[in-house]
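Read through the structures below before going on.
Both complexes below contain chain A, partnered by chain B and then by chain C.
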Partner chain A sequence: MRTLSQIPDNAAQQSATKTAAVIKLSIGLSGVVFLLMMIFGLIMRAAQAGWVDLDNALFYQLLTAHGAGMVGTATFSGAAIMWYFLARHVALNATVYIAFLGLFLLGVVLVLGSIFIGGFGGAWNFLFPLPALSGGIWEVGAAVAFCLGYISIGVGFLLYYLEVGYKIARAYGGLLGGLGWRFVWHGDVSRAPPPTVIAAASVTIFNSIGIIFGAIVLVATIVNLLFPEFAIDALMAKNAILFFGHVFINASIYMAVTAVYEVIPEYTGKPWKVSRVFVIAWAVVVIFVQGVYFHHLLQDVNMPKWSMVVGQVMSYGSSVVLIAVTVYSTAVYLKGAAIKWDLSLRLLVLGVIGWGVGTIPAFIDGMVAVNKIMHNTMWVPGHFHTYLLLGEVAMAFGFAAWLVRGRAIRETSALDRFAFGAYVAGGGGFVLMFLWSGASSIPRRWAVHYAQWQLQSQLATVFATVVVLATALLVAGYLRGLLRRGTEQ
Partner chain B sequence: MNTVLLSTLCFGAALVLQPMARLDPVAHMLLQYPVLGVSGYLLGLKMPTAPDLRGPLLVLGITCVGFWMLPRSLDAALDSPGMHLAKLVTLPLLAGLPLGMSVPRVGAVLRGFLKAQSLSMLGVLSFLYSHAPIRICNSYLIEDQQRLGAGFLWLAGGLSLLWAVPLFLGHSLMPDLLLQRKKHHDLC
Partner chain C sequence: MQSQIFLVSLALMFLLALVFVRGVVAPGAPLEATRVNRQRSWLLWGLVMIGLVLSVASLRSWPHRAAGAEVLVVNVSGGQWWWETDTTEIPLGQEVEFRVTTEDVNHGLGIYTDDMTLITQVQVMPGYTNTLVHTFEQPGRFHLLCMEYCGVAHHDMVNEFQVVEVQ
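Presenting the complex of A and B:
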């Protein structure tokens, strides 16, 4: 097994410096894009509330940009976090990360161009045949540019995972070693891979598979756009898109959780231990995160019955694994420890709680009986906004706060306490409005809401404004921290 | 077994497959093409390559494979004796050989990328051949074309296993080839 200690000091140091710089840049970019996408979300909720007069075509462009932007940035920030911490355990090549960043930014330019220049409004999940059915609102070129943007982002991620997978396989005797399966067999804790390596190996496996499926369906979509005679089997396309999309967005949070494994021990003084249960839980995640996507297709009556069963059972199973292992372990590590609660720790713990709570609406919607009524309502955005806004994004901001914190852990300042409180209150209220709307059978993805539906949207707009302001404070705090640390060095 | 002998056997097998290739696109594209490519690839493993040449060789090999994947080329190889001969010469010498000289010696990330890209492109080819509303090869029936589409998917599945298993286990299923690769890598 090759460890970092065997890498020549100079090379390791240079690589670490380069990595730290690009990760700080990535997190800064993520923060700014999160803020911008939240503003798009605020405008859409205000339009649904009847407070802003928004052209319908523009609403769907904003919806597409918000979806693609948030999914992309959540996964991008998760990737930055995982790379940063994985580099503590294996020697990663910073050049690969820079190539990933370049391809990601190229993809963003194409996606934004397709939306705001080409007028594409076919939603982030480009579900067949919507990209080709614009009703004259966008041209084929815009839809093709959107798909090419995704392909560029996918290629970037593929390079990223190849580097991660190769280095883990080399250092830990294959990916099975990195997943900790050898440890399950021999039980020698001293030879167990760290939690971050186990998480990274797991995400590398399932997200690489997801990206390959995504690439296939994206190219098939482009062929269909350019040569409509090549019709795609709609159900097959939906399966491929939702498999890719579900796995991809889940990867964001499974990568970001490495910040919890690496940062929380600094506060508790207790390292995050690897146990057989921990390894088995991650092994289950690798399988379940791929199989659970069937719960997106519970309304497709021509899907085979077994897939409905798998979708429902795995929806339950995924939540149990997550809540039993990560949420419970976090509580155990924090319990009884003398901790200084600074902004970073608060946000990371919020991220774990938000993630756990966010799965509850998911497995409720994962029941066939509920799904047939709730799936196309605001209930579903309520679920994913909980585990993203209060989960992954909170973890990303927690990591950002930790990056610029300095060595000493200080008590939270009044401004940080205010920003955190506003984020929790605004975010909590905002997602509750989605869930309430869903429970009231208000449909999702509608640009115009009836007057009877507008109360929830109006309250959501107020909460969203609070979230945007709190996020602006968090982003400003990170940028201020970067400047301060730059001056100190 | 001696690499040159193995390469010659592969080439011979490709010639034996010709009558089948004429009747069946699956045998043509998924059996004869790869066997011809492998005959050159094996020779390429033995040949020293300057690091600067690896990139151009890779591009040459991929371009040649891309050319012979075109339905029009597939047809031409059956209709024209000249193109048939060109196939027998170029698939080993302009596809397999340069790929053998370059692929095992490029960085692990690029090699992995090429593999992942091959898998997704096999998926795309599967879609194209199974969903095309017309016969895209004049020499074969539409049912054969759709079977070829399914064949691409099976090949993608098989290659995924072949490439993923060593990555999981931490050693290659093809130790001899890898040893040769390492030896050449050290030499270059």
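Presenting the complex of A and C:
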């Protein structure tokens, strides 16, 4: 095994400096894009509320940009966090990260261009054959540009995981060694890889598989766009798209949680230990996060019955692992410790709670019987906004606050307390309105809401405004912190 | 039904957040390792047992009903952005099998009561016939709404039918 301590000091120092700089840039970009995408979301909710008159085509373009932008940025920020902390355990090549960043930005340009220049509005999940059948709203070129943008982002991620997987394999005796699975049955578990390495090895496996499935269906979609006589089976395409989409967005949180493993010990003074339960939990995640995507297809009655049972059971099982391991462990680590609750810790802990709480409406909707009356209602964005807005995004902002915190942990300032409080109150109210809307049978992705549905949208617009203001404060605080630290150095 | 689901979800979400926060802020020393392991085991196995009961209870009667012998077949076709049915009046209490197809992209057939409560749905996919079996227990007007995003007029893809009492 080769660890960081065996790498020549100068090279390690240079690499660490370069890594820190690109990660800070990535987190800054993520913050700004999160804010912009939230503004898009606010505009859509205001339109559904009847307060803003928005052209339907523009609404669905904003919907597409919001979905693609949020999923992409959540996973991008998760990747930045995981790279930063994994670099503490293995020597990662910063040049690979820069190539990943370049391909990601190229993808963003193509996706935004396809939407706002080409008029593409096929939603972030580009369900086959919608990209080719726009009803005259966008041309083939726009749909191809959108798919190429996704492919560019996917290639960047595969490069990223190749480097992560290779370095873990070299340091821990193969990727399987990085997973620590052999410690499930025997051996001294205190010799298992650190939590961040186990998380990184796990995500590398399942997200690489997910991206490959995504790339296959994207290439097939492009061929269909250019040669319409080439058609693929719609059910197979839907399976591939939802498998890729589910795995990709979940990877964002599973990467961001490395910040919890690495940062919370600074506050509690106790390292995040790897136990046998921890290793088993990550092994379960590797399998469940791939199998659970079937819960998106519970109303596709041509799917085999067993797939629906798997979707329901794995949906619940994923929640059990999350609540009994990650959420419970976080509470145990915090309990009784003399902690100074600064902005970073507050946001990271919020991220864990939001993730755990968000899994409840998710597994409830994952039941076939419930799904019959909740699928594709506002309940769906309700549950995923809970574990993204109050989960992954909170973790990303917690990491951002930690990056610019300075060495000493200070009590939260009045401004930070206000920003955090507004984020929690606005975010909580916002997701609650989604869930209430779902329980009121309001379908998702409708540009126009009937009058009887508008109260929920109006209240959601108010809460969304609070979230946008809180996020603006968090982003401004991060940028101010970067400038301050730059001046100090 | 939706209201109960909403209330149960909120209660569980609130409970989880409350237990977490109270557990963290409650005064006292950090938990000993043996107590942590015991608590975690109880939590884990307790949730697994609840899951087993929930799975058996919710799946024993398969939620996607199969049609019986006396079923009335209603053919529904969809496209950007319309629904068409071959039956506009359905007898009350009659088991109905909707056979749903699409001429272009994916859609979702959602059946709503007149007060806009979703009572059942099925996905609609090019190249496939998807079936949905339902028995209407109330007379009146019902609405067909599209539940799967299908392009710029997705929200305009609506139609309606009547459920009528037959003497």
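Keep in mind that, in the parts below, the second predicted complex is superposed on the first by the 485 of 489 C-alpha atoms of A that agree within 3 Å, B and C clash if a C-alpha of one lies under 4 Å from a C-alpha of the other, contacts with A are read in each partner's own complex, and residues count from 1 in each chain.
Convention: contacts are C-beta pairs under 8 Å (C-beta built on N, C-alpha and C of every residue); 3 or more make two chains touch, one makes a residue touch a chain.
Every value quoted in this text rests on a predicted model; they were computed, and no experiment measured them.
Taken together in the superposed arrangement on chain A, chain B and chain C fit without clashing. Of the two partner chains placed by superposition, only chain B is touched by A:G174; chain C is not. When the shared chain is aligned, no partner comes close enough to touch A:E266: not chain B, not chain C. Of the two partner chains placed by the overlay, only chain B lies in contact with A:S208; chain C stays clear of it. When the shared chain is aligned, chain C comes close enough to touch A:G121, but chain B does not.
Taking Cα centres throughout, chain A sits at the apex of an angle toward chain B and chain C that amounts to 100 degrees, reported as a multiple of 10. Residue contacts after overlaying the shared chain place A:A234 against chain C, while chain B stays out of touching range. More residues of chain A lie in contact with C than with the other chain of the pair chain B and chain C. Put simply, the nearest alpha carbons of chain B and chain C end up 14 Å apart when the two models share chain A. Residue overlap on chain A between its contacts with chain B in one complex and with chain C in the other: 233. Listed in rising order, the residues of chain C touching chain A in the complex are 1-3, 5-6, 8-10, 12-13, 16-17, 20-21, 23-24, 26, 28-31, 36, 39-40, 43-44, 47-48, 51, 54-55, 58-59, 62-64, 80-81, 104-106, 108, 110, 112, 116-123, 125-128, 130-132, 145-155. Residues 93, 96, 158-159, 162-163, 165-166, 169, 172-177, 208, 211-213, 215-216, 219-220, 223, 229-233 of chain A touch chain B in their complex. The part of chain A that touches chain C in the complex is made up of residues 56-57, 60, 63, 121-123, 127, 129-130, 133-135, 137, 233-235, 238, 270, 277, 297, 299-302, 305, 309, 312-313, 316-317, 320, 323-325, 327-328, 330-332, 334-337, 349, 353, 356-357, 360-361, 364, 367-370, 372-377, 386, 432, 435-436, 438-441, 443-448, 450, 452-453. Taken in their complex, chain B has these residues touching chain A: 108-109, 112-113, 116, 119-121, 123-124, 127-128, 131-134, 166-171.
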